[in-house]
Amino acid sequence: MSDKTNPGHFFEDFRLGQRLVHATPRTVTEADVGLYIALTGSRFPLHCSDTFAGACGLEAAPLDDLLVFHIAFGKSVPDVSLNAVANLGYADGRFGAPVYPGDTLTTVSEVIGLKPSSGGATGVVWVRSHCVNQVDEPVVSWVRWVLVEKRDPDSLAPESVVPELPEAVPFAELQVPAGFEGAGYDCLLAGSPHLWEDYAVGERIDHRDAMTLEEAEHQLATRLYQNTARVHFDQLAAAGNRFGRRIVYGGHVISLARALSFNGLANACRIVAINGGRHVGPTFAGHTISAWSEVLDKGALPGRDDLGALRLRTVATKDRPCADFPDRAADGKPDPAVVLDLDYTVLMPRRG
Amino acid sequence: MSDKTNPGHFFEDFRLGQRLVHATPRTVTEADVGLYIALTGSRFPLHCSDTFAGACGLEAAPLDDLLVFHIAFGKSVPDVSLNAVANLGYADGRFGAPVYPGDTLTTVSEVIGLKPSSGGATGVVWVRSHCVNQVDEPVVSWVRWVLVEKRDPDSLAPESVVPELPEAVPFAELQVPAGFEGAGYDCLLAGSPHLWEDYAVGERIDHRDAMTLEEAEHQLATRLYQNTARVHFDQLAAAGNRFGRRIVYGGHVISLARALSFNGLANACRIVAINGGRHVGPTFAGHTISAWSEVLDKGALPGRDDLGALRLRTVATKDRPCADFPDRAADGKPDPAVVLDLDYTVLMPRRG
Amino acid sequence: MSDKTNPGHFFEDFRLGQRLVHATPRTVTEADVGLYIALTGSRFPLHCSDTFAGACGLEAAPLDDLLVFHIAFGKSVPDVSLNAVANLGYADGRFGAPVYPGDTLTTVSEVIGLKPSSGGATGVVWVRSHCVNQVDEPVVSWVRWVLVEKRDPDSLAPESVVPELPEAVPFAELQVPAGFEGAGYDCLLAGSPHLWEDYAVGERIDHRDAMTLEEAEHQLATRLYQNTARVHFDQLAAAGNRFGRRIVYGGHVISLARALSFNGLANACRIVAINGGRHVGPTFAGHTISAWSEVLDKGALPGRDDLGALRLRTVATKDRPCADFPDRAADGKPDPAVVLDLDYTVLMPRRG
């Protein structure tokens, strides 16, 4: 094998405190915005209309928050998870400055936890990743942990260090984009009269619509994010795995669930935190994705009566409508149709 | 079911004169232009080249007219046709100001006709939709009528009001974009020497080329237009319908037929009216679309010797080449391969 | 058949010295850049980041060189190869001015060779094509030759004229984009420490990753380039050909191979010449493309110590990993899995 090819990092290659500067810096453009609409059908007006965003005090329509996350995340794949057996979870995701077409995004990660598996052939790696724009403003940061193969199962294992992670980003630490004013938000154009006051903790919403996955679509999305995990692209190799299929990038399912959630959560205008998330099961081309959401918590924001925060849980299923909110069974095991369980926080305009 | 989810309007929900403001305002961009080329293969130079458009007196290449129509139309779907059993027809479509990247489009519809079906379970709704740009200039308006389900088959039916619709937009009422001059139109770069004078009423043209539909492609197109009709996206639900398949958005077939018509109608540089149109049959992924056109009428434009109008009929088929112009049989029934019968009017440069 | 439809040129229609001005001039945009990333997964930083390109002395990120080539090439198809039986080869491809979003590309071809086939029913046509931007700067030129059908097998054949073509574009004639400075190139952000000095003639690199072809993806790519060859789009017609399948545009395979080559050749930052290339075998949706490369030659550039040239050969295969560098057998015949054999020259930063 050539010494010039990147085989990805194995568990032994990670060191606590290690800093990984990820390739490739990326100038995001209106093309990302348009492709994201074409790939997900998202209709949140703040991300679709410069005039709508302008009325809310922003300079233009910022990129969809999840689009930013996927591009930021994709950069970390070649250095963090090329040899990952599994993506175990996300936590403490925080969105900062809005991202506009023309901004250039770069991601750096730091290793914050390591834990050899008991079997010896793998280990868990925790990284905190930071994505910044061209003037070094943080646009999104998050923690994720992955189960990574060892190069040599007999190599010496490092001491276990497991980071403490918050259950959720506190409402008081959420960042409202500079200049953003809920007063300018037009519910009529947004397509829904339901504002922050109208949602109750514990309320559940079936998003009704559904979307069938296609190979070409998830591949286009995942390549757009320059995510290089081969399980998404290489059917020849996939034919030999336990599924026999290319696995859809979990982030694509997150984006579909968020786009579907427009029907019921149209005014959830900005994602400000990803508190946690699990890809409960794999999805493949041909699966039809549905989604429902639950209001986990709601809170005011310090000093603001124009916007409030909702902590949401959005559950996505495959080949299973969500009218009856498929969830965990009595034994705590998720319904076999559930593929995603995402805990995140959004901003929503208040009546003021 | 949550009260926050939009179930779509049923027949009882429509009132004569009712005004529906549609979500989501949309800033169109170069991404829409590029995706439209990728999805249709359209080659009309006015929509592909800023220098070509500039030579014709326009500030830049305007968006393809059908791209504008589909985006404008898509907005009306959640409020008008989410519970439609069938899209029955279009009429009186009029194109106004050209749309450029950066413009923001909003659509409003007015209910102009209602007719309960004899069976009682459905009714026909006519709406006139108006799409405007960010400075409130009309960019396209049209009438369409749809067969919509009743929520309650026993509900009281309104009095029938059926609007009168013109057979075609009169040539004298067609709008030429401000500043547009046929004199600057370069036939050599456009790829065809055939101008307005060269087309005869009754002339038929087989467009020769053909395009096979893919699920990923029609879904990408339909989501780009933020058209939410679930029949296009949800295979799980479609498996239970009479076709067992996702139905391709009829507008995608219109766009493919128009793109194919470049071979024979390259200088039909701008659509100025959609006089009428019927989706004669459904299409599915795997169908190969071919098209032929007939010149229905031609006319001069008041005060202009640089441009003329052609009223065209373009017929699209599935899995059937068009060298012999498949059409209605002697009994008036369309050839079973015909899927689209579109009556529209274009501008074409004159020799002057 | 209508006289308004372009049936494509047959062998008899070509004359030595004939000049073909191709439709449609095309303003390239950020949409082309974004779609190209989504279609290929390319990660070369010079084409992805305005800040990275700016640090190297360019005004912005130029379009990927192959994207420019495909758009330029697509224009020539309706006039050169609509009736081609086979694309026989490329030679003497030279890249000139970088192309930026907003530039408008036009292609003109000249017939430089003709050779009737011995059988009589076909002939080989050589054309040199030139693509220029809106201020008439050459952006790319190349020679290709195609086997074209005769309209009438008994028509008189012209005298054979076979052009002399260079084996490779000499290093001294390669064009470095104005202002481009290797000194500003950041290897850390590019994701690879390997520079021009580190590559040895004869070195071979397996690019490891692989990409499975989908109908929707190759069709989107080929339509984006406005390449109208019906073999890529028309399954109804393809069902009757010897493969029974739509054939993937060879240029899409070139782009995938180049994108895959990032893993091992990340700093091959600009293609400056296409010396030769053969589509050794057809590819279809479902095939998984892998690639490996060999350094054929390396050379300094006159007066520059910041950049060097590498002449590369990239071989792509279908359904066959490249860890053992599949190539020609002892009898000179290519491995049956090989689909592409491309000889090209890149710029790469030097240590200086």
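Each chain gets a letter, A, B and C, in the order it is written, and its residues are counted from 1.
We adopt the following convention: contacts are C-beta pairs under 8 Å (C-beta built on N, C-alpha and C of every residue); 3 or more make two chains touch, one makes a residue touch a chain.
Quick caveat: nothing in here was measured; it's all calculated off a predicted structure.
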item: Copies chain C and chain B - interface residue numbers shared by over half, same or different; value: different
item: Rotation angle (°) superposing Cα atoms of chain A on chain C, nearest 5; value: 120
item: Centroid distance [mean C-alpha coordinates] between chain C and chain B, Å; value: 36
item: Where chain C touches two or more other chains, by residue; value: 29-32, 34-35, 214-217, 220
item: In the complex with chain A, residue positions of chain B that touch it; value: 1-2, 4-7, 21-27, 29-32, 34-35, 78, 101-102, 104, 106, 134, 214-217, 219-221, 223-224, 226, 228, 230, 233-237, 246
item: Chain B-facing residues of chain A, complex; value: 29-35, 37-41, 43-45, 48-52, 61, 188-192, 194, 198-199, 203-212, 214-217, 220, 263-266, 286, 288, 290, 319, 321, 323
